[in-house]
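Note that the chains are named A, B, C and D in the order they appear, and that numbering of residues resets to 1 at the start of each chain.
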Amino acid sequence: MEQSAVKGQKTNSKSAFMKPHIREEWVGRVYTFVCILVLIATILAIVYFVASKGLSTFITNGVNIGDLLTGLKWDPEGEPAVFGALPFIFGSFSTSLLAALIAAPLGCCAAIFMTQIMPGAGRRFMQPVIELLAGIPSVVYGFVGLSVIVPMLRAIFPGQGIGILAGSLVLAVMILPTITSIATDALAALPGGLKEGSFALGATRWQTIYRIVLPTTLPALLTGVVLGMARAFGEALAVQMVIGNAPHIPRSLFESASTLTSAITLSMGNTISGTAHNNALWSLALILLTMTFIFVFIVRVLERRNHR
Amino acid sequence: MNAKTADKVATVVICLFAGIIVLVLLGLLGFILFRGLSHISWDFLTSAPETIKAGGGIGPQLFNSLFLLVLTMLITIPLGLGAGIYMSQYAKPGKVTNSIRLVVEVLSSFPSIVVGLFGLLVFVNIMGIGFSLFSGALALTVFNLPLMVRITEQAMAGVPREQKEASLALGLSRWKTITSVMLPIAMPAIITGTILAAGRVFGEAAALLFTAGMSSPRLDFTDWNPLSPFSPLNPFRPAETLAVHIWKINSEGLAPDAGEIAAGASAVLVLTVLLFNFGARWFGRFMHRKFTATR
Amino acid sequence: MATTGMKVKDLSVFYGEKEAVKKVSLSFSPKQVTALIGPSGCGKSTFLRSLNRMNDTIGGVKTTGEIWIDDVNVNDPSVDVVELRQQIGMVWQRPNPFHKSIYENIAFGPRYHGIKNKKKLDEIVEDSLRRAALWNETKDRLHNSALALSGGQQQRLCIARSIAVKPKVILMDEPASALDPVSTSKIEELIAELKKEYCIVIVTHNMQQAARVSDRTAFFYMGKLIETDDTDKMFTNPSEKETDDYISGRFG
Amino acid sequence: MKKMVLVVMALVLTIGLAACGSKNTTNNAANNGANQEAGTNNGTTGGAEGGGEELSGSILAVGSTALQPLVDQVSKKFMETNSGVTIQVQGGGSGTGLTQVAGGQAQIGNSDIFAEEKFKDAEADLAKDLVDHQVAVVGMATVVNKEVGVDNLTKQQLVDIFTGKVTNWKDVGGSDEKITIINRPASSGTRKTFETYALGTKTEDLQGSIQEDSSGTVKKLVGETPGAIGYLAFSYLDDTVKAVKYDGVEASEATVVDGTYPVWAYEHMYTKGEPDAATKAFLDYMLTDEVQNGDVTELGYIPVNKMTVTRAVDGTVTKK
């Protein structure tokens, strides 16, 4: 090696061989690269798996893709079987949107409380509380939803208590941690000078929050909300227990409805792999996957705007 | 309304909302624990479940949950760390890296039942591992891995650049710099993230129905040889975890005290997750102090 | 032993499309301190960072030209960067000790380079700390966290850390700008001491500091090297008008 | 108790193996009597162990969650006597079970309904390879919320309710309360059974009806929702819900056995082709009186050999 002429240290006496640091670097690179390959392979496998199964509805079972996306009637065991997934798509969107609408103000308020109003106690007390919400298993959420929220809604509103509102309430609690933690991070990352400048001009705390803090952090807050929605979109067990699962677009918030995930969970185990019904469920999963992609994409766009 | 009044009103409203959140959580915890705590006893935690008779416990399920968690983490942590390091240190910024990042995020918010069926087809059938803890651990890895990658990547990105440069300038290889200088600094964040992710593993049910299975063989808690089929340590035996057990009891339970068992098991689950949370915070703080403080 | 200097020929650095350093040729003699001065954004830090290829670690940076240390061209792609960097020490604007003990901060480099003997390491640690004028303040708490030291002490620890691996050249990027006057003067004393053995290149904003510590001065402006000369001459009688304007405080 | 069971089992197995094919074994009485009480009799285990030829192998039984508790419990007993055999019992649903057994990944596929009803379209051929083993009968009762004030529903009334023609309980002789249907998903075996034998017609999911797959949730919802109607297997019935008569016939084991109550289904354990020795021994063991009158009854199913009627795939019922 040409370097050896200038080397002052004996470490490199092995330079005829592979130098230890080069070998070490090589080992590290290979190791991390293998890890990333495993990750990519997993991702490709699952995407391929879902796509191949989900697309076979259109290919082997001859269902029209437009009919699936816009059809209102879901009767997979009927003669002939009808696959219209619009009620599920509608259900997924309305529950996750409603959940986000409920959770977003709560989450943002919690974040403001933790960063602007009571930074000390807020962070020490609220943060663990909110992270805890993230750790509670969805089975338990569903169970609590069925035992508390559904009877409560049944008592207050007309209807069976089950439905989109019940699902949204359960989901709102579940996505609260996502929204809150992202909002908190964004607010905490705000340069201190910005706020102090506003205070120095004689603005009240609320004016500062409303005019300076919120507009600057808006893209980050939206990111949190969209990520929360994505999580709500993919949640299955808890929603299935409280939403009612009727494959129709409901006439009110308190009428049995269905989401993509609840339809999948409900029937996946009961159907036989390869049948039209089973394939149609995979198509729902494919729609779900595509939607999640779109959500993440929106987040990306928002983040990019945030950086600018 | 003048500015001062608006300020007061806004403050009150925000505090109110924050209060609501705390109340909701306390109510939730209170509800779960209140219903379940009375049923928890040493016997409940250690004895085997009963199908139709009252008085069944959750011993094997609790053990299975913990063992599965350990297995999953054994697979996830090395892979996740490696992939996260690659993403943050070696990957060239560009379209490919960005799209991997995008897909990783998609995967971590993918419904677990689909992952479960993927696991049934790939791990249980094609790879022939069968319904087993190992299959379950692999399925859990599928959606825990992206989480782990993200945690590692963010933690590594949070290490000040000067630290990395200082090490490189001393003539250390990149890999040594990563492992000896950057990882220790990123460690508290990684550990906190990992433990929180572990809570998710602990509570997962849908993915495990189809991979780890819904029943346990008789476990012989005196046989600790991992190769024996009845040993609790055998990773190739089927296992029902606590979350799956709750799901099963809630949906098809025949025992007269199914409700109480479900409530008790839920309480145990929540308490364990609580423990993880506090553990994570304490450990993260401990590590942070160890690396930075004066001692 | 360390009698090597550096020679730079036609060095250009690009951040994407932007040429941050434009065809700079400059040489650094051993046992001398060379100060790089110039207004913010003139490319002097970028220039300094390209000397040990630290710019490699940032994506999207392209470097052309030659940098010679002994008979090795730093910019040659086949050069082993890791070995190269061991010969070129670096000190940053903000003190950046590792999150380890004081002892470990120093011993970390040498141990990696193959010195496993505990006694030898102890010697290196003591020697480096003495040279950095830090031994007396830290000898009783070598195993405490380095982060507990004051800013000035941390910076001296960083200098000690970089000389522990026996470099030939030490690059300093505004090493005193984040420190108070007392610590600054200690660092300056240290530089004067170190120059007896090393070739030192220092970037500074502080003209008095450049005048105090350096033997030669190079003035950068808009990515170009405007003028380089002995420090005394530069500060009393610069040959270029821009240099004169900058030194006398008319801009920058 | 365990040792006792062990002895009995070994005996039963020996005889069962010896008399392969014939369902009725001779030592009924001894078994039935011994089953519950004779815990004091420790017996001598040594001689009884592995009375017949030594069986070995591993069996995976996957599928129906409704059948899982029974198979699980029986398999544990079976393994006590046949230490060479390991049996894994997993849930996942009837569809999963049939898919797995047809694909050869599982030895036994547990199903709530006939495989012919599940395998359709391109997969219809797969059902031909599967051999049916009916191990129990499960009766299903129509259940209503206790407040609706109805205790008998005719077939026509049920059809009207489940097709949405009747939406208020007062139209079928109950209180003035809106009817809420708690159904099963269209893919469910339980629903298929109910539709075929109680309603005699397929129904569509109505706007506002609720679908839950798990018996526990159905029971909870019927018990709590005013005006709710649903259906449950007999084993889930308790005093939180009210089981109504079907065309005047009480939903009970006795009426199912004598063929007067039509809403019941077999629990199937499918094998692909003829089972191997160990699997066969296990399936035969499932049909012994010891299991049928013991575990099957205990878990709320109806013993298949007690039935005085049989039913074919197409639903035709014949007297035995």
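Definition applied: a contact is a pair of C-beta atoms (placed from the backbone, for glycine too) under 8 Å apart; a residue touches a chain by one contact, two chains touch by 3 or more.
Note that the coordinates shown come from a computational prediction; the quantities given were computed from them, not determined experimentally.
Q: Could you let me know which interface, B-D or A-C, is made of more C-beta pairs in contact?
A: B-D
Q: Round to the nearest whole Å and give the separation of the Cα centres of chain A and chain C.
A: The mean C-alpha positions of chain A and chain C differ by 48 Å.
Q: Could you tell me the distance, in whole angstrom, between the mean C-alpha positions of chain B and chain D?
A: 36
Q: Report the inter-centroid distance (CA atoms only) between chain A and chain D in whole Å.
A: Each chain's C-alpha centroid was found; their separation is 39 Å.
Q: Would you kindly tell me how far, in whole Å, the mean C-alpha position of chain D lies from that of chain C?
A: Distance between chain centres: 81 Å.
Q: If you look at chain B, which of its residues touch at least two other chains?
A: 172-173, 176, 209-210, 250
Q: Name the residues of chain A that each touch 2 or more other chains.
A: Correct list: 21-22, 25, 268-269.
Q: Out of chain C, which residues touch more than one other chain, so two or more?
A: Within chain C, residues 82-84, 86-87, 113 contact more than one other chain.
Q: Spell out all pairs of chains that touch, sorted by label.
A: Every touching chain pair, ordered by label, is A-B, A-C, A-D, B-C, B-D.
Q: Spell out the residues on chain D that touch chain B in their complex, using ranges where they run on.
A: 60, 62, 65-66, 68-69, 72-73, 76, 79, 86, 88-92, 96, 100, 103, 105, 213-217, 235-236, 298-300
Q: Spell out the part of chain A that touches chain D in their complex, as residue ranges.
A: The touching residues are 60-61, 74-79, 146, 150-151, 154, 160-162, 241, 244-248, 250-251, 255-256, 258, 266-278.
Q: Using the touch definition up top, name the residues of chain B that touch chain C in the complex.
A: Residues 92-93, 160-173, 176, 180-181, 184-185, 291-295 of chain B touch chain C in their complex.
Q: Please give the residue numbers of chain A that touch chain C in the complex, ascending.
A: Of all residues in chain A, those touching chain C are 1-3, 5-12, 19, 21-22, 25.
Q: Which residues of chain D touch chain A in their complex?
A: Going through chain D, the ones touching chain A are 65, 91-96, 98-99, 102-103, 118-123, 180, 185-189, 192, 202, 204-213, 217, 220-221, 224-225, 228.
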